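I am attaching a structure below and will ask some questions about it afterwards.
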Amino acid sequence: MIRLTINGKQRELEAPTPLLTFLERHGINPHVIAVEYNGEILRRERFSEITLREGDRVEIVHMVGGGAA
Amino acid sequence: MDDRPLVIAGRTFRSRLILGTGKYRSMEDMVAAFEAAEVEMVTVALRRIDFDDPTKKTILDYIDRERYALLPNTAGCQTAEEAIRVAHLARAMGMSDWIKLEVIPDPKYLLPDPIGTLDAARQLVREGFVVLPYINDDPVLAKRLEDVGCATVMPLASPIGSGQGMVNFDQIRIIIEQARVPVVVDAGLGAPSDAALAMEIGADACLVNTAVALAGNPPLMARAIALGVQAGRLAFLAGRIPKKPYAAASSPLEGVVR
Amino acid sequence: MDDRPLVIAGRTFRSRLILGTGKYRSMEDMVAAFEAAEVEMVTVALRRIDFDDPTKKTILDYIDRERYALLPNTAGCQTAEEAIRVAHLARAMGMSDWIKLEVIPDPKYLLPDPIGTLDAARQLVREGFVVLPYINDDPVLAKRLEDVGCATVMPLASPIGSGQGMVNFDQIRIIIEQARVPVVVDAGLGAPSDAALAMEIGADACLVNTAVALAGNPPLMARAIALGVQAGRLAFLAGRIPKKPYAAASSPLEGVVR
Amino acid sequence: MIRLTINGKQRELEAPTPLLTFLERHGINPHVIAVEYNGEILRRERFSEITLREGDRVEIVHMVGGGAA
Amino acid sequence: MDDRPLVIAGRTFRSRLILGTGKYRSMEDMVAAFEAAEVEMVTVALRRIDFDDPTKKTILDYIDRERYALLPNTAGCQTAEEAIRVAHLARAMGMSDWIKLEVIPDPKYLLPDPIGTLDAARQLVREGFVVLPYINDDPVLAKRLEDVGCATVMPLASPIGSGQGMVNFDQIRIIIEQARVPVVVDAGLGAPSDAALAMEIGADACLVNTAVALAGNPPLMARAIALGVQAGRLAFLAGRIPKKPYAAASSPLEGVVR
Amino acid sequence: MDDRPLVIAGRTFRSRLILGTGKYRSMEDMVAAFEAAEVEMVTVALRRIDFDDPTKKTILDYIDRERYALLPNTAGCQTAEEAIRVAHLARAMGMSDWIKLEVIPDPKYLLPDPIGTLDAARQLVREGFVVLPYINDDPVLAKRLEDVGCATVMPLASPIGSGQGMVNFDQIRIIIEQARVPVVVDAGLGAPSDAALAMEIGADACLVNTAVALAGNPPLMARAIALGVQAGRLAFLAGRIPKKPYAAASSPLEGVVR
Amino acid sequence: MIRLTINGKQRELEAPTPLLTFLERHGINPHVIAVEYNGEILRRERFSEITLREGDRVEIVHMVGGGAA
Amino acid sequence: MIRLTINGKQRELEAPTPLLTFLERHGINPHVIAVEYNGEILRRERFSEITLREGDRVEIVHMVGGGAA
């Protein structure tokens, strides 16, 4: 059981989990998101290298409707 | 008539209207509005995925990216640092290195911070972004943003979503007069007459969101505003008559039956 | 979108723009402007033939009457009597029993006389004319003209030929709100934004002359103003957003990266 | 030699002249004009009945470019 | 500075502000407002005595008629006939043969009827009344009322009680330019800036009621508006600078330390 | 009525009008204007002495410094550095450590540079100056200047010397709403109505130069504008009526004679 | 008992009543009112001549606060 | 004969000259001016210590009428 922060919320995973696995599990298409992993913004090629571990701080964002402000 | 097309950062646009993607009652309304207005670029915002409801479709499932260029914005950022971070995230998606830069500390009127905007713009240009900054009606700030390499300046006509129209008319006219980059009038345009007025005084394009998204009939209003933009552009090219304090008859004065 | 067409005195118009025929630099410009704007009715004035130079072509040699309905005006008349006489002469030509009624004693601002206009309108309606009176921005006068049987009311946006635009916005809005006949906004419109604004508040049509005839490029401006009229009409049908004193973000407030 | 007033100007004609002749002489198409003859506006059918005579007051008008005022 | 006083129908006024007497929260507020504004004439209305409660004091119990001239109005009249009848009743009281003529058929915007107003004015002048007609912003009607012998014209700045200010600025300026009788700007003035603006363009006086009566502090607002009237009058006499499209430094350009 | 006085940096002013000293036709006009307006502070500029004509009297020979506080400005400075240098020179004269900060790179519209102004303000405040910065109508910049310790903010109503009045009305209203330091409306005020309007929306004071100096009669206009400032202030304190879209009679509706 | 119309309302009086008496009875000062008696507006001097009778139509008005409309 | 720059202009003086003497010679009241001497702004007390010499760069300013810009 590991604890980490994803999009500002405390979350728990059974075990260290590859990022792509985590995304797949949530039905998220890696081609329409951006990931900041412990303060570093990842190029998509690097998603496969990343495994979510205890204490990680992760931002996973996508595009939404917006005009200004 | 043959108008030169709008060119921003080397990219050519036939349409001089940019639409936002926020606040629509339905995605169908939004897409129909894009088609009715024949736009070529739309703005989008970046937000955290909600992992408590991750299955919801993303806006990209609705927007044909072959047809509509995406212009990510930094909406929600209150400082230069936040805006730079969001710009980096947007670029990391690999869809665009263009960024509509918004640095907005004020929640009530949503007016941009000139200092933070210039700081962020300077750095993002250095990093190779195509930067389209959202600014208040400040001609000197507009020149400074141009000088640091911004691709456009985007002065606000009136507060975002207010529909008040060209409240900042006079200073936007000065911005246009002094600009050497395209001027895109952004925020507060509520109707075709507002967009037409902006274009008549020489604006290069308009950006509209709320006036379309929350109109009674969004696609129809999108079409109306697109026509207003065209009308204003043609009038700018045609050369309007000067305003006169007195009247001047359009019928001949001689030969009247008496 | 399906708009109901404009109907004046039982006659249907697809175009909601009426153009004048005065002040053009050339008849070619004028005809090109008609075509660019796709108008269906144009105003003309009556004047004495100049027998010292009678050979000059008349305007009817240039206007395709199959395509463009003629709306004779009483321009130059200062009293009800003069206007009635000119209306009779116009009808005697056998081209139309429609008359754009103008009773204008004031040479500087060319503002109409409410009393003389009502007197002439009452009689001309009695004689079977289709009367389209040119009036100042007076809602009570507009009702009285409607009550005596005028086919439209034509309030002035600002002084004729001044290009000042919708100076009389507020009272024209009241006229529109109270009218049961079509309201045609006439005089002073200088650009598409002016025409769009008139249509957005519910005007049924606009009449423009100087802004087109004296534009740098009359056909292009005619097209621009026609688009402005369409844009404003569509916006009226689409339902614009209300004006708000404060801002309202068009991007979502939740999920911001912090 | 007769004198009459046409369009507010004193004019002279050799002799009483039919209206249509007068118009034809000046190259004016009777179908695009209106005539007020001694205060009475004529229907076009009546043009042929009219002869211009000493002292007549005649208005002969046509359409010109005009918008307002 | 020495200004010529306001003269209406041969009567001289030092104050160029006329106040109404309606809508005050208390008679004490009203009287205090008169004193704070140092007015010399106030308007009153005529109404039937309520015999189910006849003991209530009348407004004349509060107004010092030595100090304040009464200007009865025909408020509530919708036709010339009604207005003439009320004028006769007012004169029969033996307090004044002045009448503020109002013929107002429209209950929503309270705009006057030009035809009924001119008819009533013509007759009342003939009967020896001093007639001050309330009119819309119609310069031709103003001239006609002047021609039938009215003592002033009183164009409305904006709808009665709306506080919208000088909405009809442009045509009121024309009325002033053409008038040979005093022009009293009436209705819609909401603040000192409105009254000052009216006076700056040459109005001879202002009439205000609601803006004072319903202000948070009526006497203070009365004083404020009286000062605004004075300020505008002095500015008219002093001669304001023209408006310029560009800037012009007020500090010298030479000798700058560099 | 008892108004709290204006307090800037701990100094109390009874007058809410500040006058400039430039452009007067004569020093006598200037001094008479000060007296007519009863001002307590006037702005001055710094310039090099002209040693080719050093005998000319300086402005200080005309201004009674017991009576009028001097507010030196940095007019003519285009960068923060220049402005700081001029501020130092001004303070070295030993007359005041107050400075009206102007950083103006643009010669045509004389609009200030928000970046340079903030930089100079930050340093001058650190050095113990009382800083009154001249700014465009940018509420966010105003807050930032307040945050670095400026004594006031001085937004421009419209371009310096233009006499266009409160063109920037909407955003100045926002600046006032958000400010915790006095807001002095500066530049472009052309008449009492402009000054009154600024005060009615809650401005703490106005600064005027050209409108007085170049008026036909400067002392009279000074008096007029001072009255306008007072009128607007009193109205702000009295509480104006809200603007309404429709009319509301000020005479009672019941008891009308019919 | 007589019936008459005063200010648009049906009213009853025990008997024909002099106008001044009627006014006095209601505490109304004759110097601050105007009276229209059966369609004729009365000069104040004539108040004393008038007696209210069966079927009269009377308007009795005074001044109230008013500005416009 | 020395050369120096005063208010941006080349000027010549017969010899090194005390600042106060220079000012007095031009009829300038030292209490209404400010002086920047070779880049340093002087407090008034120091005027008496300064002598204008070859190559000096001096700014001598006073107040003039001004409002804005």
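Here are a few things to note about the model shown:
In this document, chain identifiers A, B, C, D, E, F, G and H correspond to the written order of the chains, with residue numbering beginning at 1 in each.
Please note the rule applied: a residue touches a chain if its C-beta (ideal position, glycine included) is under 8 Å from a C-beta of that chain, and two chains touch if they have at least 3 such contacts.
Treat the numbers as computed from the prediction; the structure is a model and nothing was measured.
Listing every chain that touches subunit A and subunit D alike gives B, C.
Judged by contacting C-beta pairs, the busier of the interfaces E-H and A-B is A-B. The chain with its CA mean position farthest from that of subunit C is H. Between the Cα centres of subunit A and subunit C there is a gap of 62 Å. Rounded to whole angstrom, the centroid-to-centroid distance between subunit F and subunit H, based on C-alpha atoms, equals 32 Å. Rounded to whole angstrom, the centroid-to-centroid distance between subunit A and subunit E, based on C-alpha atoms, equals 71 Å.
Averaging Cα coordinates per chain places subunit C and subunit E 34 Å apart. Annotation for subunit F: residues 20, 22-23, 45-48, 50, 73, 75-76, 85, 89, 109-111, 160-161, 164, 209-210, 213, 247, 249-252, 255, 257-258 touch two or more other chains. Counting partners per residue, subunit H has 7-8, 36, 59, 61, 64-69 as the residues that reach two or more other chains.
Pairs of chains that satisfy the touch definition comprise A-B, A-C, B-C, B-D, B-F, C-D, C-E, E-F, E-G, E-H, F-G, F-H. Within the complex formed with subunit C, the subunit D residues making contact are 6-9, 11, 26-28, 31-36, 41-44, 59-69.
Per the touch definition, subunit C reaches subunit A in the complex via residues 247, 249-252, 255, 257-258.
Across the complex, subunit F is touched by residues 105-106, 109, 111-115, 118, 136-141, 143-144, 158, 164, 167-168, 170-171, 174, 178 of subunit B. Those residues of subunit F that touch subunit H in the complex are listed here as 19-24, 30, 43-51, 54-55, 58-60, 70, 72-73, 75-76, 85, 88-90, 92-95, 100, 102, 104, 110, 134, 160-161, 186-187, 207-210, 213. Residue ranges of subunit F in contact with subunit E, taken from their complex: 1, 20, 22-23, 45-48, 50, 73, 75-77, 82, 85-86, 89, 108-111, 159-165, 190-194, 196-197, 200, 209-211, 213-218, 220-221, 223-225, 227-228, 230-235, 237-258.
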